[in-house]
Amino acid sequence: MNALLIVDDLHVRFSGSHGGTVHALNGVHLHVRAGEVLGILGESGSGKSTLAKSLLRILPKNAEISRGAMTFEGRNLLQLSEREMNELRGARLAMIPQDPGLSLNPVMKVGDQITEVLRAHCNSDAHRRRVHAEDILQRLLPGNAGRSMYEAYPHQLSGGQQQRVVIAQALACEPTLIVADEPTAALDAATEAEILEVFRELKAERRRSFILITHDPTILRELTDRVAVMYAGRVVEQGPTQQILTHPRHPYVKGLLACLLPQDDLRIPGRKLRTIAGAPPDPRGTASGCNFFPRCSERIERCESAHPGTQGAREDSQVECFLYE
Amino acid sequence: MPNRLRTVILISFLALLHLALLFAGFFAPYDFAQQHRDLPFAPPTRLHLVDAAGTWHAWPFVHSLRANVDGSDGYTEDVAQAYPLRLFVRGNAFQIVGPWTAHVHLFGVASPGQIFLFGTDDFGRDELSRMLFGGRISLFAGILGATAALSVGAFLGVLSGFYSGWTDAVIMRTSELFLALPWLYLLFAVRAILPLRVKTTDAFLLFIVVVGLVAWARPARLVRGIVLSARERHFALAARAMGASNFHVLRYHILPEIYVLLLTTAALLIPQFVLAEVTLSFLGLGVGEPIPTWGNLLIPMQKYSVLRSYWWLCLPAFALVLLFLAYHWASTTLQAALGEVRS
Amino acid sequence: MLRVTRRFVHALVLLLGVSAISFALLSAAPGNVFDELRLNPQISPEAVAALKAQFGVDLPWPTRYAHWLASVLRGEFGYSVSYRCRVGTLLWPRARNTLLLTALATILAWMIAVPWGIVEALHRGRWLDRLGGGITAILLAIPELVLVLLLLWLAARTRWFPTGGMFSLGSAELTISRKAWDLAQHLILPVLALALGTAPFLIRYVRSAISAVLDAPFLQSARGFGIGTARIVYRHALPAAANSLISLLGFSIGALLSTSLLIEVVLSWPGLGPLMLEAMLARDTCVVMAVVMLSAVFLVLGNLIADLLLYWSDPRIRAV
């Protein structure tokens, strides 16, 4: 498998301030190939953002990667020193955070915030960095806006423009993998469409891989090649986007997609939005069986005591469920 | 639990400190003005457990002091005379509160023995006794000043926060005038208005109250902030909507929050007013001889000979630091508790 | 620009208010310089009465206040009866000395506090932070008066630097450079006392301001782009924290002026402090008034400067 990134059995836990440990990731397996877009779908609290931060090793201080491996371009990220990691961050591996309004420094010109990334990784002089930053802005902001944008401060920009600046930061050093953590969640619908258009163009270039975290299946359908669905800190099913969206196998994914992509017409009186009964498990405890067991409509006896593990691991599509052994 | 332990230590330390100062007469072996003319600048008396013959004793005793026979400065212990330390001894009468007096002291030695645990000053007065009595005045000054500042501040702050509009505007603009002066300049300016010569301690404490009255601005602004935010909070709005009177809202929703703030502010203000007393007395604008305060006890520290030879006269400075440490600690503890309550 | 003008007008009104209040209070105070003069047997009661008439002591206070304001505008600040000269001529050299002291101390205190606060913020919760926090807690509990007495003791013990005054005896004949060296030696003790008295307070504030910024999402994001810690601190975190640090600057000037008053008296530095004390003891109202007013001017000016700096440093405020 010539994968760019392989995540193998990743466990992350947080130690709470009042004692108690929160298990955010409980053995995540996934891989990303060069040039492809992997979508990650999941409810809030399923561990999507923790996964993104783990990849860059920018988790908060109370978090700990307790087990597993992350192999990126043939190197295990967990064995790199902080210094080596810093050489990768922004240069080979970059992240687009959730809220562009909060992820830009309010007292720094946006152009300078892009050149700061260039400065950290490329040895070119200040003038060339500036030209480079202006070029990226020009590319991402159509019309004449790009160049004049350099001198602007974040509060002078619209949400869409701010997000383009953040994307420009991520693209600046031409990384091979970009992790976008719900890049449109903080934007309104019209701006969201604009930003998705930017991603569509970037995808068409096929020059870099993306991990696109979202809870919106329509974004997955348009932008991703493959999808991994997370539940309670595990990837329960992954496979080609089309296959997952049309023929989901895991009972949770079936239920989730039924909620998110209502097939039936809701205008019919008496029809309710579908929900999955029950709530996700308490992340402080560890269950011996399948995490989804208490809510599962297709559960069998084994599910309570034993964890199914990954089925069909060698193929492109995998599912963690005894039904597909 | 270590947090709990720390709080217990803090509270017992503060309690001990305050009791020792409030009942200075009991803890001090001598009166603050009692002179021992033959023993000026005596070093702290040593407590012994072993006598000249090398025998161990179960209870500490002291020797009396003799001036050096060769005529040089300093004293030697007269090992022939031993006076055991005694607890709850009868001594000079002292005032507890108002007309009540007592004459039992915590410790002492039988006459003609002398015990100066912190040494004596140039008149042979016991430094420990002077520190305890002096601390009482300084602490009173701190508490009185802080009470004055807080009561005026709380009253005007509640008024200002509760009746917004011109009342609020007038109070807040006036507070800006008082905040436009650096604190010590304000203290001096107020002191300049009052009579220059102070006859008694009571008169001086009255000064401190006046100073406190002038320092209302900062507490008032803090209280106003609390009142405004409490008013904005929906429980108060809901209470108004249900027809609760202004008084009810004030009494049950706003005042409980202010108490905590006042306590925290008091922990900050008391040391500040102790310092006001210390500064004024140090500069000769407060209480003067023979009455000791922590301020005028620091005056000898300006003399080179004292700094070089009579180190025990610097002990009042350490007492002051100790009091400050305790109060700072209390204020950070209170603030942390306040933060936890808020969140 | 409107904001700047408004701030300026506000400062002027504030100073006028302070002057009116303190003038009213001081003139209501019992005892004045003439009472002190009357105690002097060498001055006849007639002479005192003549002086009183000359200075218009018996006029109502609004009239005297108006006279005084006019005098302030001429830079005279009234006439000092005990010094027998215009207050202005007394005031300016003293004010210059106080400003020299506080300015140097401000610079030193900030030079200590900013790096220290940053190091503590970067090591939050670890032993270096706890050690630093402990030291600042102890320094914070040492009143400036005790601090300066301790330094005085150190100076007396070691004889490393002079323990008081501004120049050595006979320094008038020295060359300029020798004189500057003499002045620098005399500055060490007061500046050190002032800076050490203020720094712990600043350190705490810098630590919390920098900590808050370091936790901000935009710095997490900058870290995610592989920007090094040193660069993050001085290029990203410091400008973002500048806002609260500049507000603190205005505040710290007030604290420094207060402390300076005390330290000047103890170390006999010829600044406003000893002048005010002497004037108080002589009941020389005009001098007291002038010093109080000048301190208010310094404080208000300090805040005004901080405000302008804020305007200059924060693009969000500039936009409003």
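A, B and C are the chain letters, set down in written order, and residue numbers restart from 1 in every chain.
Everything below uses one rule, namely that contacts are C-beta pairs under 8 Å (C-beta built on N, C-alpha and C of every residue); 3 or more make two chains touch, one makes a residue touch a chain.
Everything quoted here is computed from the prediction, not taken from an experiment.
Chemist: Thinking of each chain as a vertex joined to the chains it touches, would you call that graph a line, ring, star, complete, or other?
Modeler: line
Chemist: Which chain lies at the heart of the structure, taking centres as C-alpha averages?
Modeler: C
Chemist: So the centre of each chain is just the mean of its C-alpha atoms; given that, what is the distance between chain B and chain C in Å?
Modeler: So the centroids are 27 Å from each other.
Chemist: For chain A and chain B, let me know how many angstrom lie between their CA-based centres, rounded off.
Modeler: 60
Chemist: Give, as an integer number of Å, the spacing between the C-alpha centres of chain C and chain A.
Modeler: Centre separation, chain A to chain C: 54 Å.
Chemist: What does chain A use to touch chain C in their complex?
Modeler: 56, 58, 61, 86-91, 94-95, 97, 99, 102-108, 113, 116-117, 119-121, 153, 155-156, 166, 169-170
Chemist: Quick one: which bits of chain C touch chain B in the complex? Just the residue numbers, please.
Modeler: The touching residues are 14-15, 17-18, 21-22, 25-26, 28-31, 137-138, 140-143, 145-146, 149-150, 152-153, 156-157, 254-255, 257-259, 261-262, 265-266, 276-277, 280-281, 283, 285, 288, 291-292, 295-296, 298-300.
Chemist: What residues on chain B touch chain C, complex-wise?
Modeler: Touching chain C: residues 173, 176-177, 180-185, 188-189, 191-196, 275, 278-279, 282-283, 285, 298, 301-302, 304, 307-308, 314, 317, 320-321, 324-325, 328-329, 332 of chain B.
Chemist: Using the touch definition up top, name the residues of chain C that touch chain A in the complex.
Modeler: Listed in rising order, the residues are 125, 216-228, 231, 235-236, 239-240, 242-243, 313-316, 319.
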